[in-house]
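Paired with chain B in one complex and with chain C in the other, chain A is shared by the two complexes that follow.
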Partner chain A sequence: MTSTKISFRFMFALLVTAFSIYLVFFLNPDGALRILLNLLTFAGIYGLSAIGLNVHFGWTGLLNFGHASFMGVGAYVTLLLMPHAAGREGEVTTTGLPFFAALIIGIIAAALFGLLLGLPAIRLRGDYLAIVTIAAAEIFRLLVRDLESITGGVYGIINYTENFQKYRPLFIDNFSGNLGFSPSQAWVCLAAWVSIFFTVLLLKRLTNSPWGRALRAVREDEDAVRAMGKNAVWLKLQSFMLGAGIAGLSGVLLAFNYGSLETTVFIPLLTFYVWAIMILGGVGTITGPIFGSIIFWVIISETDRLAYLLFENANGQQLAGVRFLLVGVLIMFLMIFRPSGLLGKKEELLLDVK
Partner chain B sequence: MSNNLISVNNLKKSFGGLKAVDVQELSFKEGELTSIIGPNGAGKTTFFDLISGFQDADSGSIFLKDKDISNAQPYKIARMGMVRTFQLTKVFDRMTVMENLLFSGSNIKNDSFLRSFIKLNSQKLYESNLREKANEIMNDLNIGHMANSYARELSGGQKKLLELARSIINEPEILLLDEPLAGVNPKLAEDILSLITKLSDSGITILMVEHNIEAVMKISERIVVLAEGSLIADGIPNEIRTDSNVIEAYLGKADE
Partner chain C sequence: MLDQLGNGLLLGIIISVASVALSLLYGVTRIVNFAHGEIIALGAIATLFFSSPLDYRVLFLEKFSPLGLNFAISCFLAIVVCGLFGGLLEVFLFRPLRKNDVGNIAVLVVTIGLSILVRHLYLLFATGKVQNFPLELQRRQTYLFFDMTPRNFNVLIAGIIVMIIVGLLLTYTRLGKAMRAVRDSEELSSVSGINSDNIILITWVSSSMLAGLAGIFQATINDVRWNMGFLILLLIFAGTVLGGIGTSFGAMVGGLMIGIMVQVSVGLPFMEGHTEAKNAVALAVMILILLFRPQGIFGKKERIS
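Let's look at the complex of A and B:
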């Protein structure tokens, strides 16, 4: 029944994505590849985060506006467990866990933070949960900022990238040299897309399983779930933990992409970017956010070039204004054209929050 | 205690100053088909909410199979074998009819994250048995042809049928039906009534809130009448038909 429709949606998403990548080459005759690598790295990291958010909102109907804090917990816990330098003095700690051990603990910490936040908050419905999560995310960010002795506060954390870069395979250095890439960013980019690959595999396995079905039932009607003898609160908490864990992983990748970690990374804007990506890609889908993320980052990063081409005589200040106007227009255009996102099904349009 | 499956004592619930339910003593025997009737606002649905755990009582106690369930969670009560439907039909709109039934029929062990991740053969077998059972029930209720449609595409009557199908797939001991005939056409109402009778004959204890008095009189073994939260009559249909309290509650006092 829907197989032809699905393939049409998929082809359409591929086409739009391919076109947006073509735009990068078109708008940047020089150095397009380097811009593309930067863009695909961010797209991979944010896309991964949006896949996690989709477990919360698309699958379970949880309005989580504190996604940045899950990314933040993953990033901070992982970095602080490894050798690093934090704070104004920037004293280097030489002891710490190896990367993979720290990463796993970081992901678990993000999931547990989801549980911790969920326990009191998850009984709330809809918009109330949204308010609590956005507040909790800000509390997390301000706490991290003020606990300067541990987290480096506003001075942030540095000297940690080597923990991850030392695993960089040689072939990345080789082809990065040829193409003029930064090899360390190419390694982060590869790690992000490999993470996406395995996360998608995991979620594909779960989506049509009895567990995934139960989450969707919670999304549709909690009271009916209870009446059928199912513990809706526990199902929501599990969903919160899984999505938070995925966000934690993407937070770690984000930290490695930056090279230094500051609390300003986890401002609410990060959450809203992730939301935009999920909605663009298709709420309730698994692979939608991947396409949404690439298109979103092309729009974000290439609109200044576009504005420059459209208005040759404009100065920088004027261009900055036009640029965000273009971002708005392009996203609006996509949403009018595909209201349920690139891969979303019309029958499952999930933006009508109860 | 006795052969009472459900019994309530001094059950009270009010909303602000409004007394919604105030029942001294009421019990239901195993296998009975009881209807709860009363004018609008009599507290019938609140009574259902209280015994199914969706609302907490202000005071009083509720026993199910001699276990105190006064402040128990709804899902725990449902697991004890008492399943309810809702006045405003609650189906899982953006899931297919089949998925609605599979979710409702699947036990908690089968729903677990770990089992869903590992996907043992035993789970596949369980699911395919469940699918067979769901198909059987759907065909019995004439919604088999809608199995792969989204539940929100069903008509109002079909949604009622789906909700009923969902409630019986786990073979409950007690069914609480909240207005199963509301908004249903006469032909479908007939079907639903005969289904309810059939379920009752198979030994399920049924409590039903319903406004269609004719239907209530026809199929009930016992009728309980509530007005302004209190019990005003309790008996077999023929007694209720002539009970002066009931006539007064429905039609107002003779001298007014």
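Let's look at the complex of A and C:
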């Protein structure tokens, strides 16, 4: 692969992304900026999660379909450690850790959950691992829903956003006031994209390090890695922990964007959203999911309107169904016709069970 | 406890029928079919579509509905529709993928996309309402130890008969033998004069018909929902894995065990007040089985790591 060819791909991805953002302005003559902020916030959070998933699937070849649970562990641990209100009665907890301490513990918890889920990964072939991870994610969700006294169950957690919003710098308020944004969402959006920036920086360092090369070697040929005296099992577990930690961070951001947290956020469809973004952007790339995420969310947010035109007597649940339907179509078509996505390289894909 | 055992048997027989279908398909084609649940839901939704009486305009497709056919005929038609759907999937989607040497994992991701697509088509056209078959309510009666309605008892018996028939067909007919031959080696069976494309097509059709039947059972005992297939899919995976993926007899027993496990766990002392978590028990059992005996109870040892 010559460098000119890579930069051509990169330019193409950039163009498609720019075009999709232009589309938002074109389709929404008024209020485009507000829609764009909402879209970019979700794109940042999901993109971050997809970057984590790419460490699992793209780099190491681990077929992880339980990504929603990593996001969930990060979000629940972080929120429960801070002052919040939870459950049917809205039971208030006033004591707690400051935001950054809770966030770090949350990310570590997500990484440890990744370690736990990674243990079967040592023993199982790809398709079995897919079943195990999706089942484990459902177990997590069912347990969170069931343990109402701690997690608030179906009633969820509320009144926690202030822990994060009190760090909001003043310039965001000024800036948002002028453009008609919600300042709290603008702050979450900024945090998401700053997180992406540093995560990408970290992963760029890692991918060129001996560790990153060994990890990709695990995907290509595990036995060769063993023969070189590297511990393939430990490498896989480290990959699981790294990706899960990134997902945990994105889960926390997602919780702050919603303003209240329920277990229904972490249904398997969340995982499939992240998968669609990763495949669209490019499996095995670092920056691919960022482009993928923006394009994905433009498609998703503009579909609602299209659906409304096509099915005039459908209700809200059905209209929301149209966007999921589109996610399904997107996953199928990409996987059949362009499994490497916008930026990925076909020869770096692991698509067959070894 | 006995009540729960009765419920467990009912759930078990549904999972069992669906697991056999999934396992058959996996055995012959090596496809882990995440869209299996959607074929199950198709069985139920099609039956509802054919059998809704004239004053029962609930489906989004009300230009065509209601047909108001006899219930048994509706079930039969629904199973035919499921078989047709499975056949079309094979001919237009999975056969081209196989001919182009698309890898197993790519096909697995395609079935996930397919499942999401089809499920939300149901939501769009069959609405998100929870619906019931147009059947009259029945009183519970006692059969041996179990209290259940005559209809549920019939479902239980029908399920057992279907299992026996499937088992006999697989073991003794030429078709069953050919299926097992293709499962063992597609190339070798082609050499010995078996048209493996046809066998795979027949497998898709029969697996889908069985799945549709499981859907009709499920909807008769409970209700029809657009997402009923996805709700039960993980339990079906659990049943298949428990018995040994790819083995039909194992899937029967595994499915039955998972069904009983789910319903009986509700009655256990430490589960009191935690009925929501009953499915988690079955899934946890599945993960443990995969960790310590990945070939399942009846599976042959093969390298799966």
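For this structure, a couple of remarks:
Keep this in mind: the second predicted complex is superposed on the first by the 309 of 354 C-alpha atoms of A that agree within 3 Å, B and C clash if a C-alpha of one lies under 4 Å from a C-alpha of the other, contacts with A are read in each partner's own complex, and residues count from 1 in each chain.
Here is the rule we go by: a residue touches a chain if its C-beta (ideal position, glycine included) is under 8 Å from a C-beta of that chain, and two chains touch if they have at least 3 such contacts.
All values derive from a computational prediction rather than experimental measurement.
Once the two complexes are laid over each other on the shared chain, residue contacts for A:R226 go to chain B alone; chain C is not touched.
The larger set of touched chain A residues comes from C, when the choice is between chain B and chain C. Legend: residue contacts after superposition of the two complexes on their common chain; A:Q238 is shown touching chain B, with no touch to chain C.
When the two structures are aligned on the shared chain, A:L142 is found in touch with chain C, with no touch to chain B. By the touch criterion stated above, A:A102 is placed in contact with neither chain B nor chain C. In the superposition on chain A, contact is made by A:A217 with chain B only, not with chain C. Of the two partner chains placed around the shared chain by superposition, chain B is the only one that A:L206 touches, whereas chain C remains out of contact. Judged by the touch definition given at the top, the superposed model places A:A43 against neither chain B nor chain C.
Comparing the two complexes, residues 350 of chain A contact chain B in one case and chain C in the other.
On the side of chain A, the complex with chain B involves touching residues 1, 202, 205-206, 209-214, 216-217, 219-221, 223-232, 235, 238, 242, 347-348, 350.
Remark: chain A residues 63, 65, 119-120, 122-128, 130-132, 134-136, 138-139, 142-143, 145-146, 269, 272, 275, 279, 311, 314-315, 317-318, 321-322, 324-325, 327-333, 335-336, 339, 350-353 touch chain C in the complex. In the complex of the two chains, the chain C residues touching chain A come out as 32, 60, 97, 102-106, 108-110, 112-121, 123-124, 127-128, 234, 237-238, 241, 274, 276-277, 279-280, 283-284, 286-287, 290-291, 294, 303-305.
Taken in their complex, chain B has these residues touching chain A: 52, 54, 73-76, 78-79, 83-86, 90-95, 99-100, 102-104, 106, 108, 110-113, 115-117, 119, 123, 127, 148, 150, 166-167, 170.
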